[in-house]
Each structure stands twice: as structure tokens, then as C-alpha cells.
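Heads up, there are several structures right after this.
In the two complexes below, chain A is the common chain; its partner is chain B in one and chain C in the other.
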Partner chain A sequence: MTCSRKSRRDVLKAASAVALFPLPAIAQGRGPRVVVIGGGFAGATAARFLKRVDAKIDVTLVSDNATFIACPFSNHVVAGLRDMEAQRFGYGKVAADGVTLAFSAAQAVDTDKRSVRLADGKALPYDRLILAPGIDIDWKGLRGYDEKAAAVMPHAWKAGEQTLLLRRQLEAMEDGGKVVMSSPATLVRCPTAIYERASLIAYYLKTKKPRSKLLILDAKDTFSQRRNFQNAWKELYPTQLEWISLSQGGNVSSVEVSTRTFVTDFDNFDADVANVIPPQKAGAIAQAAGVADRTGWCPVEPISFESQLVPGIHVIGDAAMTGAMPKAAFAANAQAKVCAVAVAALLRGGKPAEPRLINTCYSFVAPDYGISFAEVFKPGNGMLVDVEGAGGSSATDAPPETRRLEAQYAEGWFKAIITEVFG
Partner chain B sequence: MTARALINVPRKAKRGDVIEIKTLISHVMESGFRTGTNGKTIPRDIITSFACTYNGEEIFATQFYPAVAANPFVTFYTIATDNGTLAFTWIGDNGFEVTQEAKIVVE
Partner chain C sequence: MKATRVSAGVAAVLLMIGVARGAEAPAGASSCTGCHSAPSGVSAMRRLSGLPQAEIADKMIAFKSSAATATIMDRIAKGFSDEEIRAIAAWYAAQKP
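Showing the complex of A and B:
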């Protein structure tokens, strides 16, 4: 074996090239740093899985609050079927996995210096950043609906005080009152939950205030699991619940807060209790970091969930634009695992493998009546597409026993995902 | 086939006011270009024309073609001239015809 001077020079060149690149950081003698912003199903999962994949990675999880309030099952809270306490979870087990916690709002991202600035003034440098900020309400999306309006006509689409406000309004309403919900045409978090909420509110009315009515004003003509929902509504809530679709004039163009009125192109609907499901967009930090596009959501590569707009930043969960995959807790959890493995590979200088992702959504139409659908996704055409023939949904003619079992499975699903993310 | 049309005409207007009129009719608008599961072309079933008369005089008319989506929503403006009746007529394939009326009071 010969060792010419030329090859020695090449070795030196290669070494200096490594030093010029910020990555992989392992070469610099410390673990690579990953900052995860957002402590929900996506963010908390990603933080824990990063540590699991490679314990040397220095992971910091940034969350606005020290307590997480879960959206799945919050419709039960609205309908008085569940305590809010059952929705609250802490980050103790996340910290025990070696994740550093920062309870502060992320305010800005310096993509050149690769650093996150927090509301408390702290700066967090990163080698890779994972954004999982969830949704923000698009306060410009529906005429007449702003933050003040939400105190009168709650959205309850981010679990917390809004959830309890809607519950209190339902409790305070007299028997014979009218509840009106509106549903937008645009992308929302957990779209099936709109119809689950309508079902559980109808259940509340049927059992507690039987002379009352619920109206859904919908900007769409169809939705996931529509036949299952409509069959159940006909059977369980024939007088309580009415769905007005787009082609029946259901598109709400503005709201009038002082009278709790929904204005459509053809009519005005006054409500005693008004629940507006407003247009939504990716959480504020996504806009601040420049990873959201004109749609308000964040386009990502389907293999690593790296932003198509800003390199080094990955976006997962509700904020990400993922093609066929819905904005749901289980989807967020699945994306987080794929993203964590991909980020660990990229930090090692490797290449992420092509993933398959699963999502399952359970919905309740009554406390003992569950329905579900499951889907499998793979990368395709620069986004995630359905794997044909995989997945499925509850049969439209399933017997009551199956519905009862599915309600139990839904509770099992929630326990399992909570245990994995926070337990 | 019974189709439900939604019509929004102001109940009252001042003479000379520009008023907005909105209409929406439920209809599949099958383009005639799609193939069914049996391999055969699904026959065209669309609304082909829509017209509005104000006290018998035509004030708005339009034609529809296969690219128009289901449940056509049409909105237009006119001038409130007199008390009376606005009549809306949709005509389409397979003998489809629906006429609905709305009254307006002009002061």
C-alpha cells in the first residue's frame, strides 16, 4: 500500500470540509441538539422517541404550559360526560426520559444561526428543529368572529377554558333552547370530531333537555363516516339533531355576536348556545419561522417531515400539510415517530428510510356507541397518499354490540396513546 | 325529481336600490364524461339554463355547461323598480324544470 503526498492532502481537505459543516455535531465531541416546540401528541412523542432512538441527542421540549390538555375525549367534557381533570397530563415522564423541558412560549426562530428565542428571553441553539405547534384559530377567516366573539360563541376547538365555557353554556340553557354549530369548508383539526361533538351534545339534550334542538350549519356536503353518523342520528336523535349541508344553504358567511346569530347566504339562525368551528391555521411559531405557506399550513417532505420551505426545520402534527393524512392525535403520534427516526438518521449523516404511517380515528355518537376508521399512508407525489386497499371503517349495518365494543376500544385507544406520550 | 332551490331576495327595498339576489339549487351536474363501475359512460345530467324574470320581464339569464360543479350557486344584482314577483327557472337534461318565486315590496 502506498501513501502519496496527494492522498494525504485529500485527507486533510476532507477533514476541513467536515469542520466547515455544522453537521454532524457528533464530530465536534458533543451530542447533537434538537429543539422540539409544542408539547402535544406530536411534540411530546417526538421528544421521547428521539431519546429512545439515540440517547446522546440533546433534546429540549418547549411547551407553553406545564400541563397538557388533550383534545380527544374533550367532546365528552362538553357534553358533561367526563371531568376536565381526566384530560390533563404532565411532562414528568417525558423529563424522566432525559428530555430537557422549557415551559415558555417560543417567539422567534433565527434560521441562519439555528436558534430559537423564547418569551422568557432564553435562546436555544439547535442542529435540527422540530415544530409541532398545533393549530391557531384564523381570526380573519370568518367575518364577525374574533377573540372577543369567542367568549360569547365559543369554538372549544383547543381544549381548555373554551371547552368548559361551552359546557357551562349548555348547562345554563333552558329546556327548549336552540344550539347551533357551524362547520367551515377549510381544513380543520380532527374534522370528524365536529360530528362527534354534535352527537354528544344531542345526547346531552335528549337526556337532560329533551325539548331542545341542535342545528349543524355545514359548509360541506359530505364528511368522513357520514353514513354511519346519519344512520345513528336518525335512530338516536330524530328530533334533536338537524344537519344543514352546503347544498341546503349551510355555509355560514358571518356571525353576529350580540344576538348569537349565524348568517348564511339564505337565512339567519339565532342560537341560545352558539358553537363556531372556525377556520384554522398552523400555530403562530410556524408562521414566525417561515415554514407556513399562503394556505396557513406547512408543506413538508413526506419521508422526514422536513419543511419544504426552510431546511433544518421539521413540522409534524396538525400544523403540517401532509396530503391525505388527517389532522388527528394518532396521526400526530405516528408522524412524530417517523420524524424522530429520520432526524436521528440525518444527524448521523444518514438517509431516512421511506415510512408507512397509520391513522385511526374513533368517534362516539353516544357514550356506548362508537364508530371508527383506519387508514395507511405512504409517501407519493411529494406528500402522503392512501395505500389502496389498506384500512377501512365501521360497517354501516354493524349490530349494537359492535358499536358498544368500539366505544370500549376508543377508551382503550386513548389510554394507550396517553401512556405512550405522557405515561 | 324534486329539487329544492334556495332563494334570497330582500323582502323590502327602496325604489332605485341595487339589490343582491342569491340562488342555490341542489343538482348532481353529472358531466357525461365519467365512466361508471359497469364500464359504461354515465349519461349527462346537468342544468343547462337558468333565468330570472321580474314582473314577467327577463332581468338575468345564464347557461350552464358540464364543467359546472354540483349544486350551482348563482348570485347577481338588479335594481328594485316596483312591487312584484321575481320568478326563477332552472331547465336541464331529462326534462328537468323547476320554477320558484319570491315577492318584493318596493317603497
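Showing the complex of A and C:
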């Protein structure tokens, strides 16, 4: 894959042309240039859909990896229910759509010259930039938890080696061992996946190491789908899984790596296997580009996902702060499609239409037991808000047949979205 | 330079979406393919493109009133007015299967 065919002179010339004449690019007699940073659910979707909406747009997708590893279904990998290979996807089909791939990390954004600098030294000028870097772990967010600690107490919140490390630790644990997970108070990617992971680890313990136990130390008193999860836990894992909420003393204030200890306000919990869900923030390039605010996330407006802080830059996926829309792969893909249409309209000098978006999170509490949470969103008060009367959780009294169906639909969803993003 | 970049794949995509290019997808339509894009292996989540408008619209309106049984479509359909549903259905009906 060629990353950039343009000479340095072209780049400089084009960059200054953009700076001097902020006309719609088409008026300048060439296809407008869009650079997308991050080839995950949000970025890869946006790149492909830009080409579909208008093939004249010159789209470059910057990805710091040649193979993407998906988080959804990685809890199955942790619990030994799925092979890691099933989580890996390449960019062949994205390239076949006419997207130029640049396999390098984006390091800096010059917002005046409208140019992105890559780790390999190349510069990519843009008319509009789409940032989709996902999350970074906030290594300052939990006392005692740094990158070294993660090699002992994995987070497995970015799929890859961390996922496999957690799985190996569970496999190596003796029957009768204690697994402890911690969940933070702050905004994280896909919080529901914390409780899905707890469920599937409990399933692993129940079927493989029945004398073992899992404890969730939670800095919150409630979470999405709580009643469905808790009902299922009571029924399926009465002795394996215990949830300790904030008001029961679940808030973890620090960790001690040498002993795999979670320190709460009232007690110390030693673990045989420790899984820390750490505080998170938008991927580092978002801070570098100046689109992240003090929360660590990127406020955007709800029609084109353009940054509220830096014009010309759009932020989608986990990195974006959209109001009511959660950080999920479904949401990232949905936002990307809306953003692509809006960016194409803006490049034509047009006005993007008001969108409507859906998000759905499927979760497994056991391999054949699925539940879901759906929402529909529209712009309102400068952000995305829930459409009233729509959405909600799977019924708490749904029969086993419905749970089985939802587990199948969850797999159907994953196949469908992967087809759209990478297939 | 442009010519070398427009691959056969792009040309094919252009042909495929030829119908869509005139009319932009109505609000909400682009989210449906998060589940309804072939081949999901689940027949209920089949592709909507090319289905008759009435089939999509009637089903959605039935989901909305819970006249049709659903695991999730009732919760989704309630986010759209009947008019919005008809617009989405018409758009999908005009897409190539």
C-alpha cells in the first residue's frame, strides 16, 4: 500500500492553498481531501462511506496497526469461549473501496496548515479531518496502576495481548481461587461490557473451576441493564459471583501490584487474578489536536460531529462526547455513517441534514443467554438526546427462548457490523 | 493521477449505489445496517435493500404498536413516526438488493 504519493512541494502548496482560500475544495478544481485517523469501528466505517457518498473525495485512512483487533466478543475470548483469531480483521476491503491506507501512527495535527504529521515522517494535508482514535488508558487515574502494573493486573480493555493475558491467568488459576474485577466511577468505553465480562468469567468458573469466586468492586451503585444482570446472576451464578456496589464499599482507591491487592475505603481485597477496568480518555492524538477538553473527551456538535473546539476536525466513536450516546462499537459505526454524509455535504458547500441515530448493546450473561439495550437519538440542546418513548432494556421477565434468540441476534449483529466495517 | 486511483472496486461501488446517489438516505436509515447488512447468518436480520416498501413499513409499524412480536424492533421502531418509517422504507426499497 502506498501511503502518500504526493511530493513535499505538492503538500506544502496544497496546504497553503487551503489556508489562503477556505473555499469548498471542489471550487479549487480537485477532489477534496479527507484524512481519517484511526481504523476502528468509527474510522474505517467513515472512510468507506465517504467514498460511497462521493467517490471524488480523496480519503486517506491512518491506522497504527495493519490488523484491527475487535473488542466486542473479546469477553468470550477471555472466558475461553472463542478464538482470538475470530477478532482480527484486515483493511483489504477498505482499500478496495478506493481508500488510501497509511499504516503509521498520527503524531501531530497542524490545525492552521490543516496537515497531519505521521510517525514515519509523512505529512498529510486535509480539507477536513476525522478523528476516530478510540480510547487511551488514563495511567494517572488510579493510584498504583501504570503500564507495568497492567502486565500483572491486566485491564484487557483494548483487545489484543491484554485479552490473552487475562485468559491465561484464569486458565492458570487453581480451583478455589479468587478473581477480582474493579470498575471505576468515571466514563469508560462500553460500561455494560464490564458486567458481561463478569458474567462470562463466572460461567468459566462455574463450568471449569466451581470452587472459585469472582468479586466485582464497583465505584457505582447502578449500571445499565442492572436488573437483567442481577436476575441472571442469582439464577446462574449464585455462589460464583458477588457484586459490591459503591454504597457497600466497592470504590477502589488504589491497587498494590506486588500482592495483586485492591484497596478500597474500608478494606483490602487480595486476588489470584486481578482485572482492573481503569479510568480512560480519548486517544492521545485528540489531546495533540486540541479537540479534547478537561474531561479527556472531545465535545462535538450533534449533526456533523464537528469539534466544538477546533473547526474542520470531526470526532467520532469512543473519543467523542456526544451527550446521551454511549461509547459502543454500534454507536461508533452509526456516528461514522452520519459524519461521512455530513462531511461530504460540507465539502460541497452544503448544509448537512439533521440525523437520527440508533445504538444497541447486546450482552451475554451466558453463552446462550443474551440481553440488549437499545436507544434512538436525535439532536437537541447542542448534543444528542434520547428520543422519548423509544429504546430500553430487554424485558426482565422474558422467557429463556427470548434470551436464546437475543444471543443469536448478538452474533448476527457482530457479523453484520464487521461486514459493514471490514467486509 | 486521479485515473490511476479509481480502481475497479470503486467503479463497482459507484454502480451499486447509483440509485442512492440522487436521494440522500432519510434520517435514521443509515443506522439500520448496523444489524441488517448481509450476510448476518440470522434471517430476521436480513438485508433491507430491495425489499418492497410496504413490507418494511408495515412490519415497522406493527413492531411499533407491538402487534408483531419482537425481541428488539419494538424498542427501535418507537423512535420513528409513521411518516419517517415510510420514508426509510421507500429509500431501502429503492436500493439494490
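A few notes on this one:
Definition applied: the second predicted complex is superposed on the first by the 403 of 423 C-alpha atoms of A that agree within 3 Å, B and C clash if a C-alpha of one lies under 4 Å from a C-alpha of the other, contacts with A are read in each partner's own complex, and residues count from 1 in each chain.
In this section, contacts are C-beta pairs under 8 Å (C-beta built on N, C-alpha and C of every residue); 3 or more make two chains touch, one makes a residue touch a chain.
Since we're looking at a predicted model, the values are computed, not measured.
When the two structures are aligned on the shared chain, A:Gly160 is found in touch with neither chain B nor chain C.
Judged by the touch definition given at the top, the superposed model places A:Gly141 against neither chain B nor chain C.
Greater residue coverage of chain A by touch, when chain B is weighed against chain C, goes to C.
In the superposition on chain A, A:Ala96 contacts chain C only, with no contact to chain B.
By the touch criterion defined above, A:Asp265 lies against chain B but remains apart from chain C after alignment on the C-alpha atoms of chain A. When the two structures are aligned on the shared chain, A:Val387 is found in touch with chain C, with no touch to chain B.
In the superposition on chain A, A:Ala416 makes contact with chain C only, while chain B stays out of contact range. Touch criterion met: A:Ser247 reaches chain B, while chain C stays clear of it. When the two complexes are superposed on chain A, none of the residues of chain A touches both chain B and chain C. On chain A, the positions that touch chain C within their shared complex are 5, 31, 51-52, 55, 58, 96-98, 100, 330, 333-334, 337-338, 341, 353-358, 360, 372, 374, 376, 378, 387, 389-392, 394, 402, 405-406, 408-409, 411-413, 415-417, 419-420.
By the touch rule above, chain C contacts chain A in their complex via residues 1-2, 5-7, 9-10, 13-14, 17, 24-25, 27-28, 30-42, 44-45, 71-72, 75-80, 84. Residue ranges of chain B in contact with chain A, taken from their complex: 4, 6-8, 22, 24, 26, 70-71, 73, 75. On the side of chain A, the complex with chain B involves touching residues 221, 246-249, 265-267.
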